Structure formats: C-alpha cells, structure tokens
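Every chain is named by a letter (A, B, C and D) in the order it is written, and numbering of its residues begins at 1.
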Amino acid sequence: MRLTLKQRLYVIIFEADTPAGKAFDVALLWAILISIAAVMLESVPSMEERYGTVFRITEWILTVAFTIEYVVRIIASEKPRKYIFSFYGIIDFLAILPTYLSLVFVGTQYLLVIRALRLLRVFRILKLGRFVGEGEQLGRALRSSRHKIVVFLGAVLSIVVIMGTVMYLIEGGENGFTSIPRSVYWAIVTLTTVGYGDIAPQTVLGQAIASVIMIMGYAIIAVPTGIVTVELGKAQGKTKEIICESCGKGGHAPDAIFCKHCGERL
Amino acid sequence: MRLTLKQRLYVIIFEADTPAGKAFDVALLWAILISIAAVMLESVPSMEERYGTVFRITEWILTVAFTIEYVVRIIASEKPRKYIFSFYGIIDFLAILPTYLSLVFVGTQYLLVIRALRLLRVFRILKLGRFVGEGEQLGRALRSSRHKIVVFLGAVLSIVVIMGTVMYLIEGGENGFTSIPRSVYWAIVTLTTVGYGDIAPQTVLGQAIASVIMIMGYAIIAVPTGIVTVELGKAQGKTKEIICESCGKGGHAPDAIFCKHCGERL
Amino acid sequence: MRLTLKQRLYVIIFEADTPAGKAFDVALLWAILISIAAVMLESVPSMEERYGTVFRITEWILTVAFTIEYVVRIIASEKPRKYIFSFYGIIDFLAILPTYLSLVFVGTQYLLVIRALRLLRVFRILKLGRFVGEGEQLGRALRSSRHKIVVFLGAVLSIVVIMGTVMYLIEGGENGFTSIPRSVYWAIVTLTTVGYGDIAPQTVLGQAIASVIMIMGYAIIAVPTGIVTVELGKAQGKTKEIICESCGKGGHAPDAIFCKHCGERL
Amino acid sequence: MRLTLKQRLYVIIFEADTPAGKAFDVALLWAILISIAAVMLESVPSMEERYGTVFRITEWILTVAFTIEYVVRIIASEKPRKYIFSFYGIIDFLAILPTYLSLVFVGTQYLLVIRALRLLRVFRILKLGRFVGEGEQLGRALRSSRHKIVVFLGAVLSIVVIMGTVMYLIEGGENGFTSIPRSVYWAIVTLTTVGYGDIAPQTVLGQAIASVIMIMGYAIIAVPTGIVTVELGKAQGKTKEIICESCGKGGHAPDAIFCKHCGERL
C-alpha cells in the first residue's frame, strides 16, 4: 500500500519509529541546540562583537526552517486544529514567534530560549527506549505526592513569612533587612540553605534566630525527600501487579512465570 | 426543623460543608492574605510613601472585620470558654491584638503577620479533600520520628559547639571568629551547608577543619532524611487499616490471613 | 538490707533509676550546661569586660565540684581502674583538666567546652525512655552503612582532589585559586553546596567546570541518603524478628500475638 | 610446583591475596599518597620556597619507581597488550606521563594528581573484605537509576537555561547578570543551593523569581534521592540471591516457595 505524500510527511514529522522519522527528529534536536547556543552566546558582549552577524544569520535561517516545519506539521496532521492547540503545537508556535517580534521590539530575541522546551521532543526519539517508562514512573510518583508537597510548601511559606518579619523587627534596615519582603527573601535564601551572604544577620539575637532557621531548613528537607522516595517506591511496585489465577495471591516479581505461592503458571 | 440564628451562625462560621460556610471561609482566607500583603508592603519605604494611607486603612478595616468575626465566634459557639482557649481561638485573638497595640506602641503593627497562622484554617476548607489525610500522614510520620530527631539534633548541637570553639582557638578574632558564640554560629552556617561567607576561615588548618565540618554536614543530612522516609513509609502502610471483626484490633500486615491478636480468620 | 555508704554513693552517682540518682544526674546536666555557657560567654569581649569575674568564679566553683564528683566516682566504683579508663571516665577527667591547665597556660580554659561531651550522660537519665532504643537503632544503621560510606567518602575525596587541581590550572592565583590545597578547599565548599563565595571562579571555563561540580554535588548527596535510609529501614525491621514455632514463618509485626500465616499463638 | 620468576612477579604485583602481594599494594598506596601530597604542597608558594627541591626529588624518585613498576607489569602479564589498554593500564601510564612532560612543558607536573585515580587500586587490597560487595551494590543501584537520572538532569538543565535567561532579561548587566551564560551559571549556583553570592539579584522581581528557583531546588533534590534510595533498597534485596536448582534461574523474592520460572519447589 503506497502512502500519500501527506501520510509520508506525517510519518516523518510526527513519528520516530522509521529511520526517516528518527533522522528528522535527531536533525531537529541539533537545530534546536544550535539555535539556543546562538541566542546564549549572542548575549555575551565579546562574542556579540566578533560573531554577532553569524549568530543573527543562524537565528534567522533556523527560524525560517522552524516556520516551514510548523506549517508542514499543520498541513500533515489529520486534525490541524488539534495539533495547533496541543501542548507541543503551542510550544512550536512560541518557539518561532520571538524572532519575528524582535523586528518590532528590541530584546525579544532572547525569548528564543523558550526553544529549550522543544527539547522535550527528545522523549519522542527515545520512545522505543526505557526513558518513557522511567519518566512516567517519575511523573506518577510526583503526581501522587502533589497533595503532600502542597501541604509542605504551605508550611515552608508560613515559616518564611513569619521568620522574615521577626528578623525585620530584630535586625532592622541598617543591617540590610530594609523591608519585610526583603527579609522574607533572606529567610528563603537561608531556609533553602542557599545562603548568598548578600544579607546576613549582624546582631547576636538575629544570628541566634538565623541558626534556628538554618537547622530547621536542614532538617525539613527530609520531608519532600521522604515523600518522593515513598511514592517512587510505590510507583515502581505498581508497574505490573500480577495476580495468580489459581490461588489469587499477588506480590509477584515482574519477571515471574509461575506463582511463587502455589507453583501454577501465571 | 428551622435552625436558630445562633445555630445558623455556627454552621456558617465554624463549618465548611455548606455553600454559605465555604463561601465564608474563602472570603476569610482572601481577607487574611490581603491583610498580610498590606503589612508586608507597608514596610517597603517606597510603597509606604505612596500608598501608606491605603495600607493603614486596609489594616483597620480588616482588623475591625476580624474583631467582629471574633466576637461572633464567641457568641455562636456552645462553650465560649472552650473556643477562646482553643488553638484557633488564641490565634484569632493574637491576630487582632497588634493593630490595637500599634495605637500605643510604635512598630507593633508588623506583628500582624501572625495572621499568617490563621491561614491554617485553609485546612478546614479542604476538609472534604485529600489534604487532611495527607497532612495527618505527614504529621504522624513526624511525630513518630520525634525521638530520633531529638537524638539527631542533640548530636548536631554538640558537634557545632565543640567545632565552633576549636575554630575560635585556631582562627581567632582577626579572621572574624571574634567569640565562641560567633564561631558556633559560623559552625551552624557551615554544617547546614548554608555558607553565607560573611565569616570564612583564612588559615590552612582552619580551612582543613572547615572541610571536615562541611563533609560531615553533607553526609549527616542523610540521617533525618532516612528517619522521615522510613516513618513515612510506615505511616502510609498503615492507611489501609485492616480491622479484625472478631477482636476489633487493627495493625495487621497487608498479607495477613489470620488476626495476629486473637487468631481468628480476618 | 542496708546499703553501705559506698553502695549508696554508687547508686546515686552511677545509676539513674532511683529518685536520688535521677536528681543527681539532672543537677549534673545543669551544672555542665552552665559551665559551657560561662566558657562561651567569657569569649565575648563585651561580656568578659562586664561579667569576667563572675564567669571565672563560676568556672572554678564548678570545676572544684566536678573534681570532687570525679574523686567520689573513683572511690564509689567497685573497680576504680576500670572506671578511670572507661569512655566516660576519660571524658570526666578531660572535663576538669583545662581549668587547672589555665593556671599555667593562657587560653586553655576554652578547652572546657570538651565538657559538652559530658552531656552524653543525658542518655543515662533517659535510660527508661525510648531514647536509648532510638539512639541504638540510629547507631546500628550507621554502623552497618559504614563500609558504603567509606567507599562514598573515598569517591568524594578523589573528585575533590582532581577537580581542585583542574581549577587551579584553569583559574590560577589571580582569581583566588592560589594553590592546589586552597583549590581543593574550594572544591569541597562547592561540592557540599556550602558555597561561601570567598573564592569563586571568574573565567568562563572555570564557571562551566564549577557548574559540573555543583550539579554533581547536588546529585550525589542522594547516595549517603539512600544508604542510611535503606539501613534504617532494615534496622527498624530487625528490632524484633519473631518466628512462628508452628509453621516456622517470620515477618510478623512486633505486636503480633498470633501467627499471621497459620493462626497459632506465637 | 615452583613458580617461574614471571609468575611470582605476577602474583606480587597483580594479586593481593598473598602476604607479599598485600605488602606490595600497601607500599604502592603510600607511594601514591606521598606523591599526591608532594604535588599539592609544591603549588603552595611558601612551601615551594622552602622545600621545593625536596618535592621535586620526591616526585622524580616516585615517578622512576612507578615507571619501573609499569614496565614490570607489562612484562609480568600474560597478555601485555590487554593490560596496556585496560582501565588500570591506561591510568598507570597517565600517572607517570606528566613528570616526563614537565621537562618539556611548564606546569604539567600538576597533572600528576591524576595519580589520585590510582588510589582506586585500594579496592583491590580490600578485595577480601566487604568493600567490593558494597561498592558493587552502590554501582548496581546507580547503574539501574541512570535512565531516571538522565531524565532528571535534562529537566534540571532546561529549568536552568530558561530561568537564567529570564533573570538576564529582568536584572540586566548592571546587577551582575552580564550575559545569558553567566545568568545560567548563577541559576545553577542557586538551584543547587550552593549560593556563592558573587552574583545576587537586586530587583524585587528578580528576588521573587530567585525565591522560586531556590524553593524549586530545595524540593527537587528529593527526586535523585528518592531514585537512588529505591534502587539501593532493591539492589540490597537482591544480594541474598536464591537460585532454583531445577532451572538455575535467580531473582526470586525472599518469601518464594516455588521457582517463578519453572514452577519447581525451591
């Protein structure tokens, strides 16, 4: 059965199972990486001076290529509207917009780094490998932890707001705690153990409270870690729950052929 | 059966199951958030200059509203004394106090951020959802880890006091380690991997000991993490509680066939 | 049966089960805490100026008291030599030594913070509580992870030595990486995510390598955490392994009275 | 049966089971440690001035010794080519190269720290101990987590590139965010909670976004930790491998009664 041109385009652009489709996806990834590198290096003054024109030409060539790709995707897909408003469709559109906007507004070309999101396509290429399964497991674990993580983040934000205000009252503006939002920012920097040191407590009482926040931050990181670990353990266990038809018991390993309880074939 | 005014007030204010009760709680949460935002922004000099009056009016309106709410809560509850001395009752009282105190004492209006604690009411609104269960699981895991965490914190504090003193003797005042409490503060900053850099060892021996403290801090964070993870795993295992119909006791393993307390088949 | 004076002293000083013994231990803990606080505060110039004499008198009174306690301990114990060379005996001796040494050498009084180690006696007071069991569980988990942790620390030290040297060659002395030991110190500060910022890479290549070290440090913290968590899970499972005498199967919960496999009394 | 000279050399140099072989390996380790220490200290200006000659003589003596050892290893091994191109063979070669190169090029002697890799031989000495098993367990856990860790690192890099660019647009060059690569470097420093503080956001919006990055970094460290913990738990469970006598396959659960591959009683 011969495929129509549209069907052949669809297979190449949207699928990664055929050699042509895979080659297309790999070329696409390289184009995206080069495009991001060009945007990043263009922002370095010394590079801009020497290779500025090269970067801009690269950007324009790749943007035109991506635009053609975007149009072909719309043409090739069965339901163009569905593609346009899909997750990948919107990213594909946002990935070409900034270059055209930069003709009108200065600085928008940096928004091109949104193309980094296009790298998510890498998962498509790896479809046949183990990555999708692994990514799904991770995603499932994170999704089923989301309620606990919301509770945890709520607690962290409350601590940070109250502690930040207390530090504002104790240290005051002359020690860098010039306002409550800034003190809250400091509390976040401290609780997450980042510790820039651009603002640091100077008074003895302030340092004592800072110590409490640090030890707190050091200890409560255990909470999200514990949550994700437990969920990940469950997500992995869940992948394939096999029940023996003969004795009705479960808990079999994924590679089991016979029931470990009664010896019947599964 | 018609409810009396008092009963209707009780349902609206204290419960979140009816539409009116839920609407009241959501409005309350927004009022609290706006109130906290006003306090925080008031402390920013540039905002204070421009919108100072707006912030103070907002605070007063909300404080009066919260005061009315507090009085209605006392009237509507069956046992007013029980509400007043309950956890939420005390927070509700503390949340209106600072504004009135600010008439007499300067600066006390910042204590209003204690209202952040009122946000804990959010759990009431979510009562029907999964949050309470998740929060309880987290709470149970933390409660049953508390003995181990006390042992852990004791060990951390001992390390920090001894290491801080050693660094005070080695580095001395000219390198920023001006007193033992300050050196202990530095040791906490280092062990918890915060690392402000406001005090940093300068001598070779001091840097060697600092390296030991850092690696120690990097490694022992594993301890609270391990504790919470294990407890959380157990807390979650307990959720699907099997109760023996014969003796009414629970705590059975998921694969138990007979009750471990009385020997009856589950 | 009446106890001799020596026996009564032994019970009071070495045990914590009787009211007198417990009272003695609590008093001892407070004395140790006050003594450590006095040493710490003495090092603060402003405190030293005002309360210097008070601190020194406190130190001498407590040192004399601890000396008397030490002598009584030797007298009261059945085998004095065994006590003197025991772990606690050596700490007790080291805890009184610095004060006497300070008569001859300047500065040795700060070594008094070694008294912090005496706080380990707190575990004795809590003997009846759950702390000992928890501490033992933690200790057992750490002990059985020690081989893995040695392998891990060996890997960390190798990374740090090699990366530190690479950064020394790239950044050089003008950017603060004045020698290999100092660069290794920087690598430790970075890998453990402490990040003082007293030394920071300035060249683009140096920042790229620093980024690799940071992400490495961020990821490999998972290793000790994983080790301790797994061991802690096992240590907790091991506390009481009960085997059913009837069917020979294990895996029972610690509170099981009947075998969950066959229903026989355990 | 008497061994030939070649065989005896082989046993001493390549094995660690005999007293002579063990003594040789321990001596080798000390030589490597001394050699690394000499290289590191040579880079300290004050040490170089005083002991420079000692360091260089030590280096040359040890390099000659290592060269002889390398030649003997080639002679003693059955298949010299296999040894030369093996992992340890290449490291052994690289470990002597820099000293000879330093005759021609200045500064290459610092590359000697590559000798740190030779310390991996330590695992050979510990062959009889528990370390190999532990190391293998760790290795197996890390190997089976590698797909998940790649997904995780990909996500981290995407976050860091996008967030870095956003901060470049918000903060701009005057606040230290002089180019996108530098902003991405800052985002890595922040997300990994290192926080040097050499670059820190100054604008309110920048600090708000920095707060989001920090809390993100603080929370997502849970992901690799969870992955490694779960894999480590599985790797350890696998250690007590039950092999079916009938079909010779392993991978049975600890409570299996029948072989899951062929159904025979284990």
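Everything below uses one rule, namely that a residue touches a chain if its C-beta (ideal position, glycine included) is under 8 Å from a C-beta of that chain, and two chains touch if they have at least 3 such contacts.
The model shown is predicted, which means the values in this text are computed figures rather than measured ones.
> Kindly list the shared contact partners of chain A and chain B, in label order.
Where chain A and chain B share a partner, that partner set is C, D.
> Tell me which has more C-beta contacts between its two chains, B-D or B-C.
Of B-D and B-C, more C-beta pairs in contact link B-C.
> Matching residue numbers in more than half of the contact pairs is the bar here; say which of A-C, B-D or A-D clears it relative to A-B.
A-D
> Chain D and chain C are one sequence twice: same or different residues at the contact, by the over-half rule?
different
> How many angstrom between the C-alpha centroids of chain C and chain B?
28
> Counting only Cα atoms for the centres, state how far chain B is from chain D in Å.
40
> Residues touching two or more other chains, restricted to chain B: which are they?
152, 181-182, 193-197, 217, 221, 225, 227, 229, 233, 255
> If we count contacts the way the header does, which residues on chain C are in touch with chain A in the complex?
My answer: residues 193-197, 225, 229.
> Can you tell me which positions in chain D touch chain A when the two form their complex?
Against chain A, the touching part of chain D is residues 147-148, 150-152, 154, 158, 161-162, 165, 168-169, 178-182, 184, 190, 193-197, 200, 204, 207-208, 210-211, 214-215, 217-219, 221-223, 225-227, 229-230, 233, 251-253, 255-265.
> Which part of chain B faces chain A closely enough to touch in the complex?
Checking each residue of chain B against chain A gives 36, 39-41, 43-45, 107, 110-111, 113-114, 116-117, 119-120, 122, 129-131, 134-135, 137-138, 141-142, 149, 152-153, 156, 181-182, 185, 188-189, 191-198, 217, 221, 224-225, 227-229, 231-233, 236, 255.
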